[in-house]
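By written order: A, B and C. Residues from 1 in each chain.
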């Protein structure tokens, strides 16, 4: 039972260590001593990192549980397995590095308490999601992710600084202004996520009702699926996957991720590229890992996995295309993140046909992507600091002043694009192999989609590099001094690519060696060469004026914002107006019409009281006679 | 022993009235003693009733003491006489005595209603007396028809007698549609005499009528009960709705009386089921007690502004029927009796009426209440409020006591 | 047994309080509620379940007794902690209100006694072992809250108070008639003695409590009353009082579930429509307190829904009551905080960016809305059990009930939406150049205490004993 306290510290310490700064900021915001408290928060992250490394190296694989609500068979159950131990260490490591970066990046911020509290809460929640085997425990982490994401996106709640916006202020398309403030970004994020979380919540409750069990590893999946039949399986999993889909910003729920870039760059780096958005795919992987759909023969599962496969690929294509058109540094990276998440979904879904290997590929892609994208975001943050501009700008002269950033960007982009022989190339080769396997099963489309996505992906990475360091406009504003902590953080982050490369090439990890074999296959090499070509072309020609029309279409994200900001709200407001009208009607009926009726009746009753005895006696005598007559007639 | 005490009581109050011409205080003391004597004449199981009546009666006497009128001194004796009659009616099963008490509570109030501090209110008096005389006549005719038909087994006569009895009662206490005098008299006459008419004078007619109806109950009764239910509903609605837009407090209380009499009358339907008749009797009696205490409190407040807000709210809430005040328990017993008799709809209408009454009682409480209430008049209000609050301890004792005296709700020889 | 005696403490304290100065009176009353709170908590941990006789009433009313079981403890401790915290909160708020109304501090004596009796009556209600006793406390809580609105409310306060009185009185008396019908069938109203509740009786009780809860239609009284009440009263009315209607229905259900079983589908649809309707109505409100009131209507729909969903639904009802109570009391107190800081500011359109000036209140509001949405607070369990219940009851015929299930899920989505929509409108966005007020600690600390409680309630041992106890009362297999 030594492990349970360890887990408790892992989850609780980051939160507790951020409480001082949170409280200080509620009651004494901005004082000098309060600005030192973030070091404590980062220390909390450091402790988590140590524990997660301990778990990685020293814990036995297996399940660790602690009673919670035993009468209902709901317990804290933590899992240490292939997925969780790496994912946990990755999360803690990236969180810590970005924490360090944040110490400098956020130094002069006006709301440090909020920032650090949610940053650390996020880390704890993410770790909880990663290590949870029990779905309810996982749900707590999941909700934590949502709320932390909301809090951090809307961190600059004042909406007063253009640097924190997404889109161009004042630019209108139809009725919609293509510009989003941080508080809008937060609202869009939480509303989308809520829309997915609740169906997932229901699905979990349904699983609980059907099996009386909430531990992923011991739920009798096969029996359950058979019990509820095809329709039940599809409905249940579809509802369940609403959570991962919204969290990982798959179509059509991608918009929130784009406007999530209104948050500080550290947040974008940690939440909206490396970890949180990956939680959706991670959860899908974890489920698949234990459902083992390739072992089962459930028709409902096939439908769902097919759906996920194509949804992932289409989202990947959409994300990559949009990224190609975008010029905002962070939003470009966000779109690319969405694209990568699509690939992860697609690859994990392919496991239905390919088996566990596809899952491993997806997972490794997640790892590589996390480090690379986090590095790019951190660089983007530094660039925004340095140029005071959200849009890509920078030329060689600028690159000379930002040598470290430049180098890191190069390394990160080539590692991520899939250019041989850099890290992602080997993983992508694995992915090519997976999709080829599907071709053998008669599905051609996934493979071609993957290749197209890879090409576009590589293109916009090159565009990012080129427009920021080589061929972009000269920045209007340069502030290139300092930033030592930031440089340190992203250098360390990108250096992980080398470590990963070493692990792959030197066969430190059994599954990784498989990638190397795949990397030397013809298909993979061909794709690799194409990707390299695409990278180089765009590097030298980052913008093509002839395509500006398409560019605008892509920059406006294919007008998907209309769904979130116009169509759905309009429907909502119609309902709201109807409801409001009903309320007025009911209010009038009960509080005006009925009282008036009573008043009128009351006046009528009082109108008898004329004060004349003559009248009264007539009434009395009349009534008495009337009653007597009635009863005489009635009775006999 | 009973007779002796009663005689002593009558003698004492007569002497008191006579000597009060010399000094009004003699009348006061004599009346109080007379009332106490009358109450002590009761059998032990009726003491609870006597004690409660004594409180109401003494409150009436005190309010008279605090104001002035033309027959200062004799007025106390009138109240003592009402107490005497009420005490008599509860223990008597003799038809003649019952009718006698009915007349006895009616006639003295003819004088009472005209009194005030300055001028004699003749017009009010005429209106009131006309109704009362009419009421007495119809009531007595009804009584005799009932008793006669009962012994002769004549259903037609029974029904006519029953209807006349109820109508007579209605005229006497103010039940719609025969309530016309109530709002006028209550608003025009002096508040203190009205408070007496609205409180202690209400017991005798109800008890007499109830005793007669129980005594003469036969299979035909259940077919005619609907008539009572109808009058009760009419009265509740007329009273409560009429009060909603009335402005003068006296008039509002007049309508409130109409409504309250409707509540009490509705309990008469319980005659169809003798098993739980004690619930109905307890309901009627407690309803009358609650009504009396509340009315005395409110009329005192009208007479002499300065009754504290807490008191006026207590009265109002009791009238509305809020637990744990007395008004709640009385309605509870009545509603229980109704439910048991199968008159669900009447029960529902009754409780809905208590909701309709909320606005005007609250308005009354607000308009009549002033400050915390420290003056002398607040003594009356305080006693009335304590009386109403007595049921904070759930009044099972009341129910038990009434069970003990159900046996007296008969008429000898019928 | 000690709990029963501790229940007397708040009443005694309230009667004593007027003799002290406002500050001391506040402490006295609030602490007097913390004592039964601790006792209820201990009782919850011991899984106590017993009757404590008070008196015997003749039939058909039957025995009066105090009913202690985990369900009443769960409701009881909620009532206690919120009454205590709102008690503290009242102190600066009402003093401010009296100033505004031109009354002196003397008025606080009147206020504190009515407040104490109001809160205590709700506490006693949940421990009442006889339906008449329960009705008595229901009405006492009505009178006292009515008086508080009548005397210290906002706007057209007398009219609103009367409206409140009439509506809830109708609710009460309909229920009463239902109780009496039950009495006729069982010759007793002692909860332990009742074996069956007839359909007519159930209908009357149900309709009565529906008015109080309130459901769609009768809901129209609630926004008036809850918006115009002085804020501490709103902070008891909305979280505690209306939900007690749910408690009554729960008790009736535990005695005899025939009515709900028969009309389950109709009630379920009605409850869902009611909840969604009110949820949408929230968006349109411009008055912060009115907005919260509509959210209450929506949340009370959950209780009705839970009632239709078997064992797990009932567990959901209890948890939902607690979670809503925690959340809504915090939120009403934040509304009050804004009113006190900005001279009666309630119009949401004039707010925006308030986080800049009143961060402590803004953060508390976040916790409050998290409770409503069931995010990282005890409400999570409420939603979870309700969802599980719906599968138990309707899962067997999934396709035909899918719209119903999706509608239910949508309610939870909607509650999250309006929560964060409101938060954004009020607290975030560009600040409007207001002054930064000084916030009394009484105006924010109580909010955090409730908030912390609502969060630690999802962890063992609290949730463990709570659910175990409720399960023991409600029964049903897992």
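In this text, a contact is a pair of C-beta atoms (placed from the backbone, for glycine too) under 8 Å apart; a residue touches a chain by one contact, two chains touch by 3 or more.
Note that the coordinates shown come from a computational prediction; the quantities given were computed from them, not determined experimentally.
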_Maximum centroid distance from subunit A, chain identifier (CA atoms)_ = B
*asked:* Of the chain pairs A-B and A-C, which one is connected by the greater count of C-beta contacts?
replied: A-C
*For subunit B and subunit C, what's the span in angstrom between their mean Cα positions?*
42
*Roughly how far is subunit A from subunit B, going centre to centre by Cα mean, in whole Å?*
75
*Can you give the whole-Å distance between the Cα centres of subunit A and subunit C?*
34
_Contacts with 2+ other chains: residues of subunit A_ = none
*asked:* Counting only residues that touch at least two other chains, what does the list for subunit B look like?
replied: 356
*Could you list which residues of subunit C touch at least two other chains?*
none
*subunit B touches which residues of subunit A in the complex?*
598-599, 601-603, 605-606, 608-609, 611, 613, 615-617, 619-620, 623-624, 627-628, 631-632, 635-636
_Of subunit A, residues touching subunit C in the complex_ = 25-27, 29, 67-73, 136, 139-140, 143-144, 146-147, 150, 154, 157-160, 181-184, 186-187, 190-191, 194-195, 198-199, 201-202, 204-206, 208-210, 212, 228, 231-232, 235, 239, 572-573, 575-577, 579-580, 582-583, 586-587, 590-591
*asked:* Quick check on the complex: what are the subunit B residues that touch subunit A?
replied: 126-127, 130-131, 134, 138, 155-156, 159-160, 163-164, 167, 171, 177-178, 180-181, 183-184, 223-224, 227, 238, 241-246, 356
*asked:* Could you list, by residue number, the parts of subunit C that touch subunit B in their complex?
replied: 55-58, 60-61, 64, 132, 135-136, 139-140, 142-143, 147, 150, 158, 161-162, 165-166, 169-170, 173-174, 176-177, 180-181, 183-184, 200, 204
*Within their complex, state which residues of subunit B touch subunit C.*
313, 317, 320-324, 328, 332, 335-336, 339-340, 344, 347-348, 351-352, 354-356, 358-359, 362, 366, 394, 396, 399-400, 403
